[in-house]
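Okay, got some structures for you below.
Below are two complexes that have chain A in common, paired first with chain B and then with chain C.
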Partner chain A sequence: MKLRQAMTGLHIWGGLLPSWLLFVIIFTGTLACFDKELERWMRPALHVPASETVMGTDAISTWLGDNISAPLHAYWMHGPTDRAPYWQLGWEEDATGVRGKAAFDPANGQRLADTLGGEFFFTLHYNLHAGQLGMYIVGLAGMFMLTALVSGIIIHRRIFKDFFTLRPNANGQRAWLDAHNLFGVIGLPFHLVLAYTGVAVFVASYMPAGALVAYNGDPMAFYSEVQGGYHRNELHQPPGTPVSIDGLIEDARQHWQTSDIGWVIVEHPHDASSIVSVRRLDPSRIGSPQDALSYDAFTGELLNQQQAPSAYRAYIWLVGLHMAQFGGQIVRVLYSLLGLAGCMMLVAGNNVWLRKRTKRQSPGLTLVRALNTAVFFGLPIASLALLWGNRFIPSELTSRTTAEAWSFAGAWLLVTLFALLTHRQPTRQTRTLFAVLGLLGLGLPLVNYLTTTDGHLLATINHAPMLAAVDLVMLLTGGLCSWRAVKASSPMADKGIAGGQDVDQELAG
Partner chain B sequence: MNLITFALACTGMLALCLAMTRHYRDLFNTHPAPSRRASLRLFGSVLLAGCIAGNMATQGMAIGGVVAIGQIMLAGLVAGLGLAWKMARQPGAPR
Partner chain C sequence: MAAPALYRLFRSRSAELVSRSMAALFGGYLLAFGFTAFFSVYLPFSRPNRVVTASLLCFAVWVAAAIYAFAARSPTRAWLVLVITTAVAYSAAYLPTEWRLRP
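Now for the complex of A and B:
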């Protein structure tokens, strides 16, 4: 029994302390399943039915040459796909390392208005928008999650007997514990695999010592060898006349006998050593194919085809399993619903902690309650506020992404402030926040209808089902939260918080 | 096909759930005979195997496997939550 006792302490505190951070990570990961759909939703110019693509990589290279004067270390481009029907461009400046990005309408080559897009949630998911430091914090939280999962299995005495057990009529603590177990145990394979593969994505950064020693402190040499890729050092000689990149892509298509091309990367375009790498897009398997073709940017000669060692392919398989870019929408729908189960596991777990200590008036109750409200309500409300901001901030504003980020951060700060001010009336607080969520959710399709001509539900339901799905999920979320707000004062209030919270997070779609 | 396999998963998980005495009693108010429990367990396992086989046949071993496991987990949640929802609607039932 000693092991179980030790694991209980670990599970309680190792679970509670990172739980709010984990909620942010899991919830944004859930939203990031549909990052491309959200990104398209946030770019009204792309709501029209897809038309003929007139733009190619050469036009983008020209745009880059005309608009960015600093020498570039590299730039990368991705063509329109079904899920993301626009050209994406990113670049990194050589001297400063500053990165930029732009998106283009493939029908007319116009640059699209800036938006944080669905990528905002993706970045929040893996580094909290805090760069390298954030990546380490997320990694640490992921390791805590693994610890909590394993210790949770050890301390669960009736893991099979209580597999399906949820007794909503039991007292508060019992019901929440049932819910915590139900969402945790049934979703366990998903939680374990996603926590493990999530930590594995940046494993080389979490444990860099071996590679640094073996490669004389040069991480790039390590990555290059491990990926079996091709790299040419800069010659510091003036560049020649670049060949058409569209031509190289056509050559790559011939080579692979496929039309699906992924990222196209141009390395140091202002140097004689410049290479163009073309990657293949293949969502029909879990790990993306690692057979990039590298061409000389000035002669068009095929220099190398990537030969990834099996260890790297195994790593890419793990990453692919985490990223859910394979197998179509069914995989992403399943991942997002199971991600919501993960969120519910955290919410229920924190409520067990609270219920157990409410009678004893342990210290920290007010803090945990305030954090619960501020995070479990704050993040969904802030995410909805970001989508509202996207429709209301004028597209010609120069610092549009900053304004969008403020609508997200501002909404979250407001919820936090509200949580602090009303912490003495928890029932009213919950009710009000559900009402806010309900209004934001129900209002969004309406705002969408009023502000876009082709993007509203009536138009998209025919030609862009995934855009319509975003609106429909908003309506569903809003409807259920409003219903919860009305019902929250009934005797079933405890259970209501559980049911409704589950629904908040369905804005994932 | 996804809907069919998900229906298989849901039915299978519900059968496995009802193969447990407590949940059987919750739903039918009688104690299940051991033979009934065994047959429910067998029925559930066969349906889950069908879900896995169906997914693997249409989407390949790897992706089909991932989809099948995801569907089964979700089906388990549906069964558990559905039963709880049913119970919450029966006030006064002994817990």
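Now for the complex of A and C:
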């Protein structure tokens, strides 16, 4: 009895405190399931059916030489795939560590207009666009989530029976608790696995103990032995004439008897020690194959084939389980539905907290309510605003990504302001925000139709079903939110604010 | 005069709560740290496999420690168990230099 009481406190407060941060992480993670589809949607030049690829890595190396004058520490390239039909390039400057990236149309080698793309959501998901610090904050939030899940299981005696219990017409707190349990239990294995594999991705940063004792804290020795990869230190001598990287890729294709090539990485291209690593792409497997080939950049000699220790391959398997790049769209659809269940678990959980305390007028009610509105409505509205911004900000603008980021941040700030101003009229507030979501969602396919020639729903439904799916999901979301806005005008919504005593007893066990 | 007031503050419910929370956060991390160091050295595998296996399991240890910090009879007890276990595990891992660095 005492254990369950202690766990109840832990679950309620350890769940409430990080809930808004967790909502940001889970919601953007859900969107990031389809980061490549969103990225393509945000690049109208790629809306036409994929044509013959004429561009290769050598053309990209030439572009890099012509456009970036600073010596590079490394650069990396990825060829067009079904989901991301364009060339990706990233680089890091040697002296400053400044990173850049560019995307190219494979049909004509033209650089595509900059956009934050779907990657914006992915980065927000794993480090909140706050670099190292953000990565640690997200990791800590992941630990809170794991602890809340485990304490939730301990306090939930009738986990099986309650799973089949939903009383939407019961009083507010009861209904929200049923919803919290339903969404928590329906996705429980998923929530546990994704939270665990999520923190495991950055295990080398979060838990340096192993490297500290077994490698005397030498990170280079640790990484090279654990990954079984290949590295050559800089010789500080002038480079020779590079061989064709396209030729090396052809060699790698022959070696693996496959046509699927992943990232191609060129390390310190301005030094005699330069090497080119070619990675294999195999989306049929959960963990990507760890057998990269490393070539001398000037002789083309095969220097090394990566041989990763089995525990590292197990780690990569866990990472792959988190990243959902295997098994096709059906896996990503399932992941995103379960991710939404995770979001709903948080929303419902916070509402249980609120309903239970409204009658007693506990301190903190206003703050929790304001945060709920600002985050649970703010983030989805800001995400839609980003997609709107993408269509309205001219592609010639040099600081286009900054303008896109402002459409996201600005929309979120507006919702927060609105939440603060209208906190005395919660019903009207909810209705207005659902209406805004509805308009933004329903309007987006229309804006898409008016601003693109090949990217709108009628044009893509046949040749690019995943692009059309973006529009269709917007229509569905917009439709549901509009319906909710209209429905919320009935007095139903505020029914049962006075919570029932039975739930207190239930939670106290 | 001051001593009983401090004593009351120390024994108050909120002080206990803060102590348990800190034990879950920092004590839990310490235990996971000691656990990882210990099994990075004593698992019967090759060095990279030892380190990766121990490191991947450390989050489960942290969660268990956090649950324990709230389930323990008193916060002091939780702190003692977490810190002593960590100290023993980490010393056992760190002191035999040649053994911990073996390939």
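To be clear about the criterion, the second predicted complex is superposed on the first by the 482 of 509 C-alpha atoms of A that agree within 3 Å, B and C clash if a C-alpha of one lies under 4 Å from a C-alpha of the other, contacts with A are read in each partner's own complex, and residues count from 1 in each chain.
The rule we apply is simple: a residue touches a chain if its C-beta (ideal position, glycine included) is under 8 Å from a C-beta of that chain, and two chains touch if they have at least 3 such contacts.
What you see is a predicted model; the values in this text were computed from it and never measured.
Enquirer: For the three-chain model obtained by superposing on chain A, do chain B and chain C clash or fit?
Expert: In the arrangement built by aligning on chain A, the partners chain C and chain B fit side by side.
Enquirer: Which partner chains sit in contact with A:F190 here, chain B, chain C, both or neither? Use first/second/both/neither.
Expert: first
Enquirer: Could you look at A:S310 and tell me whether it touches chain B, chain C, both or neither (first, second, both, neither)?
Expert: A:S310: touches chain C, not chain B.
Enquirer: Would you sort A:T398 into first (chain B), second (chain C), both or neither based on which partner it touches?
Expert: neither
Enquirer: With both complexes overlaid on chain A, does A:M7 touch chain B (first), chain C (second), both or neither?
Expert: So A:M7 only meets chain C here.
Enquirer: In Å, how small is the closest CA gap from chain B to chain C once the two complexes are overlaid?
Expert: 20
Enquirer: Both chain B and chain C contact which residues of chain A?
Expert: none
Enquirer: What does chain B use to touch chain A in their complex?
Expert: Going by the criterion above, the answer is residues 2, 17, 20, 22-23, 59-60, 62-63, 66-67, 69-71, 73-74, 76-77, 79-81, 83-85, 87-88, 91, 93, 95.
Enquirer: Where on chain A is chain B touching in the complex?
Expert: Spelled out, the residues of chain A in touch with chain B are 161, 163-170, 178, 182-183, 186-187, 189-190, 284-286, 321, 326-327, 330-331, 334-335, 337-338, 341, 492, 495.
Enquirer: What does chain C use to touch chain A in their complex?
Expert: Those residues of chain C that touch chain A are 24, 32-34, 36-37, 40-41, 45-56, 58-60, 62-63, 66-67, 70-71, 90, 93-94, 100-101.
Enquirer: Enumerate the contact residues on chain A facing chain C in the complex.
Expert: Counting only chain A, the residues touching chain C are 3, 6-7, 9-10, 143, 146-147, 150-151, 154, 196, 199-200, 203-204, 207, 209-216, 222, 225-226, 228, 309-312, 314-315, 318.
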